[in-house]
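The two complexes that follow have subunit A in common; it is paired with subunit B in the first and with subunit C in the second.
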Partner chain A sequence: MGMWSSLRGRFSLWVGKIFGRRSVKIGIYGPPNVGKTTLANRIIRDWAGEDVGVVSDIPHETRRVKRRKDVKINVDRSSIKLDIVDTPGLATKIDFRDFLSYGLEEEEAKKRAKEAAEGVIESIRWLDDLDGVLLVMDATEDPYTQVNITVIGNMEARRLPMLIVSNKIDLPTASPVKIIEAFPQHTVVPISALKGNNMDTLYDGIYEHFR
Partner chain B sequence: MAYTNISGEKMVRVDMISEDLLASMTSAEKIRMILDGVIEGKILVLERGLMPEEEAKLIEATMVEISPEFVGIEIESYPAKERRSLMDRLFGRTKSQARLTVIGSPNQLKTIKKDRGLITALISEV
Partner chain C sequence: MPHRCARCGRVYEDGDPEMLKGCSCGGKKFFYVKGIKNLEDVISEIDVVDESDTEDEGKEHVESIKMLNDGSYNLNLDLLLRRDEIIIEKKDGSYALHLPSFFKKKS
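What follows is the complex of A and B.
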């Protein structure tokens, strides 16, 4: 499956380049609460002037995949057209009791847990339909999470391009170096999606990796 | 399922699954074995782990089973190693090599620290 989807993706990308009319489908992946929707909002606001989703401190705020088509990013004298796919946070465990501490009622917490689980399934299924991934990591957290390892492994197996985004560098405990050291074979771009720090470097990276 | 010794003390069952046994199983069989084992309260140690695609399928299958009683799995492995033979290098191919993986219920298995070469975890009874 991996080899076929890789070949299909590359052929489709190549055809798109020849005719110059296809958007590159980029998925924004990562564990819950690393700032995926904040990043999607930042990119889409910068280039299309709107937001894609709501952000909050409660984990699994995004529970459905959201796609914004044809976001044109200009880099120097060139440009790249992206379909931005904002995905629900990937997790291996979801306990409704964790939501109770955020003030949710039990029924609401159970509903959120069920929707979050469905969101994880949807995120994983989208991996087969992407041209590349922005893997978002929280620069204040340990980078060796199983979600990060699984996403990186899947992208390597599919031979699809991936850029690691080390988010939240505006926080005092941020350590993007830890992420760079953990995954030396991949390009890591430190940013703050919330404050907009270093976004130009990210746009350069997106152009270089996904064009 | 709780495990006890002859003195009635609670024990944790650890199944260490060899690379050969895993190689003889299909992806679907591996995933079912893992989920059934975690639901029964076992800690599973896979000598060679799962391929990245199988890990994604395992997460997907886990999410299908999520309920107030089953909250998912704790899974820990090292980042995959890339293995490239001369032929692979000539044809630009990369093969990921799955590595030792520990899986259990999040209620039993708690990871304290993890880096490129060390996973430190605590295991408790059910």
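What follows is the complex of A and C.
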């Protein structure tokens, strides 16, 4: 699966590059509440003037994959057309009790947990159809988590181009250096999707990694 | 420092009038108690071991999803990322195989 889909992806990217009309399909991945939908909204708002999804403080707000096609990003004198795929948060444990403290009723919390578990599977299914991944991490949290390490290992095995996005650098406790030191083999771009900080560097990185 | 009735175990704060009159159980002997804690405090200090995290040590995992209770799931991300097939372990220990995922056409 990994080698063949990787070769197919690279060939398809190459064809797209030659004829200059194919969109590059980029998935936004990461644990819950790291700002994936905020980032998707930021990119799409910057270049297409609209939002893709609802953002909230309650984990697992995005429980279905959302896709926005043909978002054209201009970098210097070039451009790249992206299909942005916003995915539900990846987690190793989903417990409805975690949602109760946000004011959800028990039944609603259980429904959310079930949908979140289905969302994890849907996120993973999408990996086969992507040309690249933006792996979003929360710069205020410890990056050495099971989710981050497992996802990075699998992306490397699939040879899927990946850019790590260290989000929430506007917060005083943010430490993007920790993420850079944790994954030195990958490019890490510190940003604040909420405030729009350092987005130009991210767009340059997207162009360089996924064109 | 609180006092405990030597007869019934009831606790009285220092200076409580009951200490002079005697306990409601009729007991008149009290002893000092060091650092009495509320039941809630004691309970909150107990380390609760999550059985779901310990019971499977050494067990070979075949399940990609484990249902712990209604609304609680353990997801084996590594297996989900590596294999298309989805195996669900139910809370009674039985397994459910998601057949469409087994017959998924390889691309």
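Everything that follows uses one rule, which is that the second predicted complex is superposed on the first by the 211 of 211 C-alpha atoms of A that agree within 3 Å, B and C clash if a C-alpha of one lies under 4 Å from a C-alpha of the other, contacts with A are read in each partner's own complex, and residues count from 1 in each chain.
Please note the rule applied: a residue touches a chain if its C-beta (ideal position, glycine included) is under 8 Å from a C-beta of that chain, and two chains touch if they have at least 3 such contacts.
Keep in mind that this is a model prediction, so the values were computed, not measured.
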**Item:** Clash or fit, subunit B versus subunit C on superposed subunit A
**Value:** clash
**Asked** Does subunit B (first) or subunit C (second) touch A:114, or do both, or does neither?
**Response** both
**Prompt:** So, does A:202 touch the first partner subunit B, the second partner subunit C, both, or neither?
**Reply:** neither
**Request:** Check the residue A:124 against both partner chains and state whether it touches subunit B (first), subunit C (second), both, or neither.
**Result:** both
**Asked** Touching A:183, do we find subunit B (first), subunit C (second), both, or neither?
**Response** first
**Asked** Is A:156 in contact with subunit B, with subunit C, with both, or with neither (first, second, both, neither)?
**Response** first
**Asked** Between subunit B (first) and subunit C (second), which does A:144 come into contact with in this model arrangement: first, second, both, or neither?
**Response** first
**Request:** Considering only the touch criterion stated at the top, classify A:94 as touching first (subunit B), second (subunit C), both, or neither.
**Result:** both
**Prompt:** If you lay the two complexes on top of each other, which residues of subunit A touch subunit B in one and subunit C in the other?
**Reply:** 1, 90-96, 110, 113-114, 117, 120-121, 124, 127, 146, 150, 154
**Complete:** In the complex, the residues of subunit B that touch subunit A are 51-53, 55-56, 59-60, 62-64, 66, 68, 71-80, 82, 94, 96, 106, 113-116
**In the complex, subunit A residues that touch subunit C** = 1, 4-5, 8, 90-97, 106, 109-110, 113-114, 117, 120-121, 124, 127-128, 146-147, 150-151, 154
**Request:** Over in the complex, which subunit C residues touch subunit A? Could you list them?
**Result:** 65, 68, 70-78, 80-82, 84, 86, 106-107
**Message:** Could you list, by residue number, the parts of subunit A that touch subunit B in their complex?
**Reply:** 1-2, 90-96, 110, 113-114, 117-118, 120-121, 124-125, 127, 142, 144, 146, 149-150, 152-154, 156-157, 159, 182-183, 185
